[in-house]
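Next come two complexes, and both contain subunit A; in the first it sits with subunit B, in the second with subunit C.
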Partner chain A sequence: MKKEKLYDRSSVSYKAKRLFKRNWSGWLLMLPGLLLFLFFVWAPLAQNVILSFNETKGFESVGFNNFDNYIRVFNDPMFTKALANTFKYILWSIIIGFLVPIFLGLLLSEVVHFKPFFRLGIYFPSIVSGIAVVIMWSYLFDPNPGAVLNQLLTALGIPVSQFLSNPSLTIPLIVVTMTWRGAGGTVLVYLSALQNIDNSQYEAARMDGAGALSRVLHVTLPHIMPTIRMLFILQIISVFQVFYEPLVMTSGGPDGASISLLLLSYRYAFESFDAGASAATGVILAVIIIILTVIYLRISMPKKDKVSNKWRRYAEKVKK
Partner chain B sequence: MLKRLKSKSSGILTAADYKKVGFRIVYWIIFFILSVAVLTALTPVLWLFISSFKNAEELTATPYHLFPEAFNFNKLAEVWQMLNFWQYFLNTIIVVVGAVLCSVVFNGLLAYVFAIVKPKGYKIFYGLVMASYMIPALMSIVPLYKQIIDFGLINTYIPLWFMFGANAYYLIMFKNYFESLPKALFEAAEMDRCGKFKAFFKVVIPMSRPIIGVVAIFTMTAAWSDFLLPYLVLNDDSMMTVMVKIYNLQSTMGTVQGFGPDKLLMILTISILPQIVIFALFQKQITGSSAVGAVKE
Partner chain C sequence: MKKWLCAAVAAIVGVVSLLSFGACGKGNGKIKVSIGMWPDPTLTKDVEMYQKWEEAFERDYPQYDIVGDRYEYSADTIMAKATSKQLPTVFQTYFTEPQKLIENGWVADITDQLNELGWLDKMDVDMRAAVSDSAGRCYGVPRDGYGMGLFLNCAMLYDVGVIDKDADGNYKLHDDEGNPLYPTTFDEIREVSERIVESYDNTYGLVILSANNNGGWQFTNMAWNFGCAAMQVRGADGKYKANLNDAGAVKALEWIQDMANDGLIYPDASLTYVDWYSKIGSKNVAMAFCGNDNIMMPVTTFNFNKDDIAFVPMPTGDGQSRYSLYGGTPFVFSSYATEEQIKGALLFLKYMGRSPETDEISVSAIEVGHQTAQAKAMPIIQTIRPWTNAEFLEIANRLDKQYTNVNPYYYADFFDSLEQMKRPEEPYYCQDMYKLLDNAIQNVLSNPGTANCKSLLDTANSQFQSNYLNKL
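Take a look at the complex of A and B:
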């Protein structure tokens, strides 16, 4: 009787014990990382959502106030500007910054002379990033007609520019500096994806009479498509975070022409000490990001690359 | 020069293609474009280095001269001593070392659990990590700042170190890499009755040098140039990192006696130089980082 009970595998306590026995070490290993995520990511995020529905004094909430913070923020003309700017940033970063790393990654994977030099050179700006470089750019974009870039423009017969003080140029120029800084790291990611492509697939394509362009289109691109997709989302997310450049280079100006949502949120918090408005701006920003990401994933996730499967089958045949 | 092209056997274009003149021209166009790219990457910083040796008058002089009259290295020492820059450098190194350790250990461990150990319920937490991955960390800076104050961590390096231990990007890089490791390896560790924790240090870490190198370098540069949280957390001048100090100098310029744009440019140069040294020292790892994916069975 007793023995039977002991081995009753359907009993709850047995299942719980087994569950614990099999998993405790894994749970324990997860704990430190999860605690850090809790402290640095999840808890602040949750508190931010709560804060956005509260009236605040300094950084402390003094009671629920419904959507007042959101209404206040939406009525702020600076917010409308920041919202529009954020999409301008994204648009420009797709135009300027999205294709450059893919292209450079492709070229870099093909070059055989001075390859390490090219790789290091292109990666160089990523290693010297920081406030220092942003300040450097603000000096490079000196609107003084005698300054370096305007001298260069004059030498090329182009009229001098106001650079960052020109409202229609300020965002594209900031995106140029962001691309300069960020492209190198992205190129390395593409390069590693490119080097991961099994060479037999190229051989198979070649045996099938595929020209260089069709090799790129039918072997290379399908292979790096997941990476492209991933980095595209990452880029949009990182552009949403644009903050240092407008803070240092333009302080959001001229007249809010380059202010970003994050910079506005920062200003609400640390310049007008309105934590509620800051939190509300942050939540709006998060909601936009989530919506964009979901839409994007919906569009790009399905449809397994049939083409690349075709070449894979060829490759297997060749191997045999 | 052409010998290398003739022995190229992998990739999109190979020796077979380079027999044709057309493809050889394409190759040199590739070469040219890459050269332009490298030049674009290097020129702004070179300009900064050169300009930082100019004195105040030379900086605003018309007509514009690219080079200063003389490269006066005394200026470097003078600015360095004027600001007692050692302090800020040392602070930054303390921050960077701690951040790299936290980043590798905590993200690596969590990724190992998500990729290999997979205890029951891990998917919930993985989902949470992925969900918050999309949302910028700066977004909830106010509650985080408040939390840091409540925990008494203001004016310490602790939050700056541990923040790098909760980074979804590094976590995913680790996870992808661990998943590409041969399964047999972990089965063998299991057979040896090697504990899960031990397996992480005995099996996973030694097998993961390339990815650890990449994450370490990424963290190093990120921690070196991190600004907002250090700016909010470090209030004492003696605790400040280089980036925080530079920002303070720039925003208070004109109020400090004898500190003008020419000196600021020199400070920028000084702050960038060690990054270049790190870069030079870890070239191999950086090179290795692009080979990460190439480590197959």
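Take a look at the complex of A and C:
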């Protein structure tokens, strides 16, 4: 009976043992990584969800308190501001941060001379420390009429600006800073997608009389659409996590005009010592991101051969 | 080949694990006392000063090992440091913080040790209250106190004709009848600011802080001086009521609004503490409100000429109310430290000249401090000491005078009036109250033409009441 059980090849334990035995050195190599992930990512993630339903003292739970943390967060007027601001960040990051790299990528792919120089120039801000970048831009955005950008505006005959102290400009200017630093990496991704497009398709389009705009619209964009779609989602997820830029540049001000959900979560945890409310804000943020991503994927998921169909239709149209 | 590979992987994992565990628990058998006030390595003269104190201490107490473990207190790092048990044995904080630290159990009760050393009865009563709980147990040793006052760039004020110079070239802050020439009211600050703005390009009269709770901190003193009796009022039922929208506070905010509207204050709505001395140091403004314990900052960080500094009492808004917000810096001790470690840290304070002792060690430590400040060309001015024993005060004041490198006349009015003007910070959730006031100030600075001061303070008031004072 015992012997029979040992050789039950359909049992899970047998399969697991076999999997481990067959590749034990591989598992051993993965072990440190798995432990690190468990310790630094998965465990804190689970603990955060647990904390969000608990009353806390420091980071320790002192008892289950149902949805109290969530109710407190929803009743905080700063939460409403932070939530609205987060969507403003997304809007501005789509206008500035999403389109600029596509435009730069297209421009860079057309450059013939000094291509490596321009590529380096565009990527260079990405290698500068994030904090250094936001401090540098804070100096540039100094509202003193004698500061750099205001001097420039004066020279151009434009009235001086309050820049970050103007609540309606704060978020767009923070997005400009983020884009200046982050666009370089994104441009390189677009550039590699652009370089993968078969040149013969451009030649064919040209022979069929397609102009530059037509080539971009009907050849380039359909080919880089999967990359655009992927980077769009990544962009929204990363904008949801905007944190240190408003922290350093405006402290979330003026009067909460630039506070983000993550900055609010940080304030709960480290300024008000309310880890429960902070964890609840984190969970709310995660839920929003998951919902938006699912909706977006549902709406925009292409049929498998959407690109080739489009191209076929275009080719047929030109033939006629 | 595969066996060799497996053996190599196993060996690497083993060695790494052994090294990781081996790194823990190294020690030399001495009692380790970590000092959070230890200066940054770039401040070489300060590091030398601490090393001198360390050598003297370890010579007399060889059982201790003093370790520099720099920790600059901030409200947003303390929880992480305390929860992970990484607080140094002793570190500095502000007088607004001990209650919060005591409530969370992050600092140690040192009443018995202080009694044993005979220091408790020599402590300034107001400062002792700031570091004690409601039962009177003491959790800290005050380093020094500060009063808020008005920092003046005398060179600029002289240039625009506000103050004068005597025959020796020293600035004259009073007329021949002894009346102050410097601004003593908020209206006069406005007049001086107008002259500054007219005379200089891209320069303003005053800098008003507005972020990281610093705006609320300054504003509280301004509101008192515009006639606000208190920002937190105890009702007949014994409960505290928020009073952030008091008429005096509204007048103070309206004064800021008018100054911003007329372009007389620095036009930035997110200025933190560092900004008062960076704007003064770069001569973008002529005046700032600050504590007397930080007057040296424009000198040490922006090479501001220390002979151009005067520090005068806070102005009044209603002609009657004259207060100087009185705070300070206490040393507190980690609740995870052992009794022996706390004892060592307390004794080390004596070697830093921060105890009420008057023996040779203490006197020499104060002197080393002054010599270092002199070597750094820092302005050495009178210090608000936390100890009340006459012998200590006599020695400390004598040394202050002996080593001073500034004209005491430029500070005399402030220190002479401080005893009458000083007023401790509001009792509960001070930093949270300051944060809400920051929001109101930011709103006024970013919309000076349209902001409704009363409505902004009403909002801050109701939030402070419902989110904080109702918890009491």
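Just so we're on the same page, the second predicted complex is superposed on the first by the 256 of 320 C-alpha atoms of A that agree within 3 Å, B and C clash if a C-alpha of one lies under 4 Å from a C-alpha of the other, contacts with A are read in each partner's own complex, and residues count from 1 in each chain.
One rule holds for everything that comes next: a contact is a pair of C-beta atoms (placed from the backbone, for glycine too) under 8 Å apart; a residue touches a chain by one contact, two chains touch by 3 or more.
Just so you know, these numbers come straight off a predicted model, no measurement behind them.
Once the two complexes are laid over each other on the shared chain, residue contacts for A:77 go to subunit C alone; subunit B is not touched. Of the two partner chains, subunit C is the only one that A:253 touches; subunit B does not reach it. With both structures placed on the common chain, the touch criterion links A:273 to subunit C but leaves subunit B unconnected. By the touch criterion stated above, A:182 is placed in contact with neither subunit B nor subunit C. In the superposition on chain A, A:101 contacts neither subunit B nor subunit C. Considering which of subunit B and subunit C touches more of subunit A, the answer is B.
Within the superposed three-chain model, A:59 lies in touch with subunit B and with subunit C [touch as defined at top].
Looking at the shared chain after the overlay, A:32 reaches both subunit B and subunit C. In the superposition on chain A, A:162 makes contact with subunit C only, not with subunit B. In the overlay built on the shared chain, the residue A:243 is in contact with subunit B alone; subunit C does not reach it. Residues 24-25, 29, 32, 59, 144, 146, 266, 269-270, 275 of subunit A are contacted both by subunit B in one complex and by subunit C in the other. Those residues of subunit A whose C-beta lies close enough to touch subunit B in the complex are 19, 22-27, 29-30, 32-34, 36-37, 39-45, 47-48, 51, 59, 104, 106-113, 116-133, 135-137, 139-140, 144, 146-148, 151, 180, 184-185, 188, 191-193, 195-196, 199, 202, 206, 212, 215-216, 219-220, 233-234, 237, 240-241, 243-244, 248, 262, 265-266, 269-270, 275, 278-279, 282, 285-286, 289-290, 293.
Touching subunit C in their complex are the following residues of subunit A: 24-25, 28-29, 31-32, 57-60, 76-77, 142-146, 162, 164-167, 249-251, 253-257, 266, 269-273, 275. Those residues of subunit C lying in contact with subunit A across their complex are 2, 5-6, 9-10, 13, 16, 75-77, 79-80, 82-83, 100, 104, 201-202, 210-212, 266-270, 272, 284, 431-432, 435, 438-440, 442-443, 445-447, 463, 467. Contact residues of subunit B toward subunit A in the complex are 1, 4-5, 8-14, 16-17, 23, 26-27, 30-31, 33-35, 37-38, 40-42, 44-45, 47-48, 51, 60-64, 66, 102, 106-107, 109-110, 112-113, 117-122, 125, 128-129, 132, 134-147, 159, 162-163, 165-166, 168-169, 171, 195-197, 200, 218, 221, 224-228, 232, 242-243, 246-247, 250, 261, 264-265, 268, 271-272, 275-276, 278-279, 283, 286-287, 289-294, 296.
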